[in-house]
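Below: a set of structures, written as structure tokens.
In the two complexes below, chain A is the common chain; its partner is chain B in one and chain C in the other.
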Partner chain A sequence: MNTHDPVAPIDPVGPIVLEGLTVRYGERLALDSVSLTVPERSVYALLGRNGAGKSSLVRCLLGEQKPAAGRVSLLGRNVWTERAAILKDVGVVPEEPNMPPAMSARQIARFCSRLYPRWDAAGVEARLKRFRVPAETPFGRLSKGQKGQVALTLALASAPRLLVLDDPTLGLDAVARKAVFEELIGELADRGTTVFITSHDLAGVERIADRVAVLRQGELVLDEEMDALKHRFRRLSFPAALTPRLEALAPVAVASRSWGIEAVVAHYDEERLGSPEEGGPEVSALTLEEIFIALTGEEAER
Partner chain B sequence: MPPALRIDPRDARPIWRQIEEGVQHLVARGALPSGTAVPSVRDLAKDLQVNPATVFKAYQRLTDAGVLTVRRGEGTFVADSPPAASDAQRLGRLREEAVRYASLAVTLGASREETVATLEAVWRGLKDGNGKAEGDEE
Partner chain C sequence: MRGFLAIFEREIVERRLLAVAALALGLIPPMVPLLPGMPSASPAELRSGVALSLALVLSFVFALLLGGSVIVRDLVEHRLGFYFARPLTGGAIWAGKLAAAAVLAAGAGLLVLLPTSLLGGVPDPSGSWGATWVALSRPEIAAVWLGALLLIVAVSHAAGVIFRSRSPWLLVDLAALGVTAAIVWTCLKVLARDGAGIAGWGRFGPAAPQSLTLLQYLEIAVASAVLLATAAAGATQVIRGRTDLRRGHRALSLVLWSALMPASLVLAGYTRWFETPAPEDLVNVHGVVASPAGSWIALYGQAAHRGGSRPGFLFDVGSGRFVRAGFGILSLDRSSLVSFSADGRRAFWLEAPAGDATSFYQRELELFSLDLRQRGASPQPTRVFVQGVPYAFAISPDGRFVAIAQGRRLTVAEIGSGRLLASVPMTDPFHERSVLAFSGPGRVRLYQIDSYWAPLAAHSHPTKLSISELEMAAGRLTTTGKMEETTTSNLSWILSPSADRGLLRTQTALQLRDGATGALVATLGGEGARASFLPDGHIALLERSAAGSYLRILDAGRGAEIRRFAFPGIRTVLVADQPASDRVRAVTRGPAGAAPWQLWTLHLSTGRALPGPQLALTSLPFEGAGPWPKRRGRDGVVWFDPWSARDQVVLRAGLPAS
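Here is the complex of A and B:
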């Protein structure tokens, strides 16, 4: 196990650095001066509701779209001017994998093998087998999930320094989703690759990401270590008999329930609240999904 | 896969700590006797569907604490005489779980006697059962 062994010098800049990234579609601001840094060998998850700006951010990240303002540094280089050279070291699984529909996974793999200096042909066959994706079926006839699995297989075959996964488990059933995460975990164990992932599968992300960012209407409202995030958020449940002084708690979300009031606080402080034994609220930890809903859902205080 | 090592997303403890304390707990209960091989980082990460770095961190802390020992080329094993958790650690965890149990008892309207007797019976069962308890199968 050498996840932490220095196989290559750590890039002090970070494999991904975004500075003031701004994207406009006409009047609409899709990304509002977003800055973030993805540390080397981390698994960085970017979350957001549909339309929050994730896709625009990923397109800019990969040099497929020019931002109105801001800078993207990928593996320490300018993605807009040096795209072709950089992408040899980046494995990409796009949201809608687009490959020649008449070619089979095996044919596409053979074609790709000539483009990359390092190519793990045996790994391709092994992964297709584990995913149970037919290697000879034309790409266009594969299911959406299988297309994504082919894209992941090809992305891993070039032993990339950085993996960019745009919702890789979208449209997959539970079994296929597990298979995708297992491949990803194997890759992390073997090579400690840096991973940038967007996903709606928050339970899956919660287990593998060590840093989380949340986009809300084009704005980065959170960018934090997973452990720290889980540590500070709590749900407080006040039965009807208790009337909490909500202003003092500064909750990020409040909901009225049939039995009382529920508030999510972002900076939990046990000392200040008192425990249920002392007539305080019931306190519970939140899953990443619950934190996400509190930050971006209808009940989030704007 | 060690019996009953689980990750709970509703637990405020970080995943690496859940693994660390889970292994410590299994060792203390005798479910993982001295000399038992524990799964490789890679295998456990796949089983639990977590980042291998997280398992690695837990194993490293357990090794530093003398609960696990690494034999070069062979793998990771439960140490010959694993130390018990520190008093503060043990009592802290004990209180945490006690609050949960006691809250449930109050909710169910159990008497103090019922609550204590149930705890006593479960405790006895675990001790006598040589580490094998209900819900431990799999």
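Here is the complex of A and C:
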């Protein structure tokens, strides 16, 4: 389907389907048979440390790179062979805003307006004003945050069915990051666009994502609904004497403290551990960032 | 199309300052005549020349720089992803950017011309270019210029990808480039050497002097192939490689060399075919020289689909056996540069050594020889060299020495060793036609005949023939005689085998002259009389009357008749050869054009003429200017020789006797 239809039935297959996606750079395996499906009108966050393979996956997703093996389907079509036609319905925010540096945001918008069937020129002006981005300043002279905001403005102006955001808040300050996510939330509330986002801003992602996937060294180690994920991950604090009971829960991270043991478990089961009143551990919920750190083993970059 | 136009327009707008710079440069040519020290005779011409040169250079420089950067720089700086994140095809990105580069380069050239054009009309490039290449019209020059710009843009784009990707494929590219360039260079060099660079030739000059030569067409084809291959490779680099420069480089190299290498092999195949014509390929026979004995002839002419190339052949009229020889290209408008030994067993000719691609007029030529008796023999170099095309050359009857008139010198060398035996200056070397002959041991005679000048052809004019003799031992060239005849056509001078007598034919008379002094010995006939020397020195004179033809055998000393043979009712009688001192073979043909040829054996001692079998002869068109017949008669060849002004015939060896 080429034309955007706000009331179109949900694609049962999903706007993004990756099957066995494999990318190699010489001997190095960047993506190892990754398969995932992004449901329609969902916000799908792909997380991973630097070098985990996110950028390679996004390049394949946008048809910029041909994978060594596997298939990429975007909006139900082969993205390698039908990229140009598909991208009429896809908005893209790249990791590094790569617009021509001599052109102003307004000139770039004018250029893009000739390429998309549903270009919202007024929306572009409104967003640039809202972001306080000077529309006539050459793109190369804008700040990093402003460049990201221009990229997001252009991505949203085509009224896309699918939005692909490759770390859109990378290098932005807190205010700019907040502006980006608020704009996204507004867009989602207005149109229900499907969003595929990679980001290191886990707090921001946690606010908007319906589903989370984690890449580790080219392998997809997690692909789950956000609510379910946060429900099954818990931090447990208890005296050392309870260690045998902890091992039964297969903890993903364990730390020794002066007062006992602190652990993160992936499959919390209150019935098996008992409540603190019953002599069980103290239990607390985890943020997405804490879950990510527990899964990848080290602190995420901010 | 919408994507292409969007990118094209964006590139033009982004680089609009280039147009301003070109316009500013265009203000220079109008100011050049005002500078001190500039010639003041023709300021308009000076302005035009500077403007044209500047426009040409600037457009080519812009094409080079823009072609090598509009895509590659975006790739290297990771900005091409901007386009690939939009609904734009790779083809639109490639075409839009490179088309803009070409238009910017062309536009810059035109803008440089603009101020000069406003001052004094549009500069006309056709005159100056026409003098050096071919006379091109303005639209043709514009087409060549635009084609060159496209070529530069496409090639510089490919080169930019190759050299900036830092991929190991660079080594493949360099190797393939070396091989392909070597093949193409060698082919073009060989084709130029063999005459592909000469315009198509008619019998007496270029057939169409304004047209491109075959070599120029091939050079255009090579440039077009490079343009198409680099364009296809560049497009593939963007379409397949997309934002990955190294992957794009690999795609580019695969397309580029899989197109250019086979194309270069096609050129190599064509060159091989070009180099190996057969007599059957001749579409225009320009010259035929008969061996004084035996059944070999030398012929050269224009071959089919080979441009102005004029391959030469040594050809056995009986067996059809032939050997290619490089004398054809040299025999452009002079007497033949091929000769036979008196016994007809060896042929000698001059040709350029292989690999010498300089103009054939300035080449160092080498004398080659071929043993005609030995089947499978190949031409042998003799180590006798001459600088440039000679006026004439001759082989001594025993085949040991060669005499060459070239430039201002007459030179004699020993063929076996290449040793120089004599070299003397000629007092008046500038004669279009010269004849050399060994007149005795250690003596060479030089006959120089005034050139035939076409404007005088309709009027009677004096034509001179001077005779000089070289005494090799003394190293002295002495004038021994002069002749002057008033004629409306070329003099024809036929020398006896021993060079002691000559037959001078003007438009009105056939005279027997002394070979050394040119003194008149006897007048043998009037208009229409034809004569030649037999191998034993006698004269065969053909006369026609209403009743038929007579063949008279004359003594060369005084021109006295020895024998007369009558052929009643027959108009054409041609002396073929003299298989024995007492016998002469001739062929005749009845009045009807399609009548069969008849062989005769004439016995000089008894006067008997014995008829032999009817013959199938290959008859070349008038003056040999026509195609070599596909269906050849195997008994011999007959043709008209313009230099001796008579029909000649060569019969195959072993014809059944009478």
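Quick notes on this one:
Going forward, the second predicted complex is superposed on the first by the 282 of 302 C-alpha atoms of A that agree within 3 Å, B and C clash if a C-alpha of one lies under 4 Å from a C-alpha of the other, contacts with A are read in each partner's own complex, and residues count from 1 in each chain.
What we mean here is this: a contact is a pair of C-beta atoms (placed from the backbone, for glycine too) under 8 Å apart; a residue touches a chain by one contact, two chains touch by 3 or more.
Remember, it's a predicted structure, so these values are computed and weren't measured experimentally.
By the touch criterion defined above, A:E64 lies against chain C but remains apart from chain B after alignment on the C-alpha atoms of chain A.
Of the two partner chains placed around the shared chain by superposition, chain C is the only one that A:L115 touches, whereas chain B remains out of contact.
Once chain A of one complex is fitted onto chain A of the other, the partner contacts of A:R141 are absent, as it touches neither chain B nor chain C.
Contacts of A:M99 after superposition: chain C is touched, whereas chain B is not reached.
After overlaying the two complexes on the shared chain, residue contacts for A:H267 are found with neither chain B nor chain C. Between chain B and chain C, B touches the greater number of residues of chain A. When the shared chain is aligned, chain C comes close enough to touch A:A85, but chain B does not.
Against chain C, in their complex, chain A makes its touches with residues 59, 62-66, 83-88, 92, 94, 96, 98-100, 102-103, 111-112, 114-116. Remark: chain A residues 1, 3-4, 41, 43, 178, 181-182, 185-186, 188-190, 192, 203-204, 206-210, 226-227, 230-231, 234, 275-277, 284-288 touch chain B in the complex. Residue ranges of chain B in contact with chain A, taken from their complex: 7, 9-12, 14-15, 40-42, 45-46, 48-54, 56, 99, 103.
Put simply, chain C touches chain A in their complex at residues 2-3, 5-6, 10, 14, 78-82, 84-89, 92, 240, 242-244, 247.
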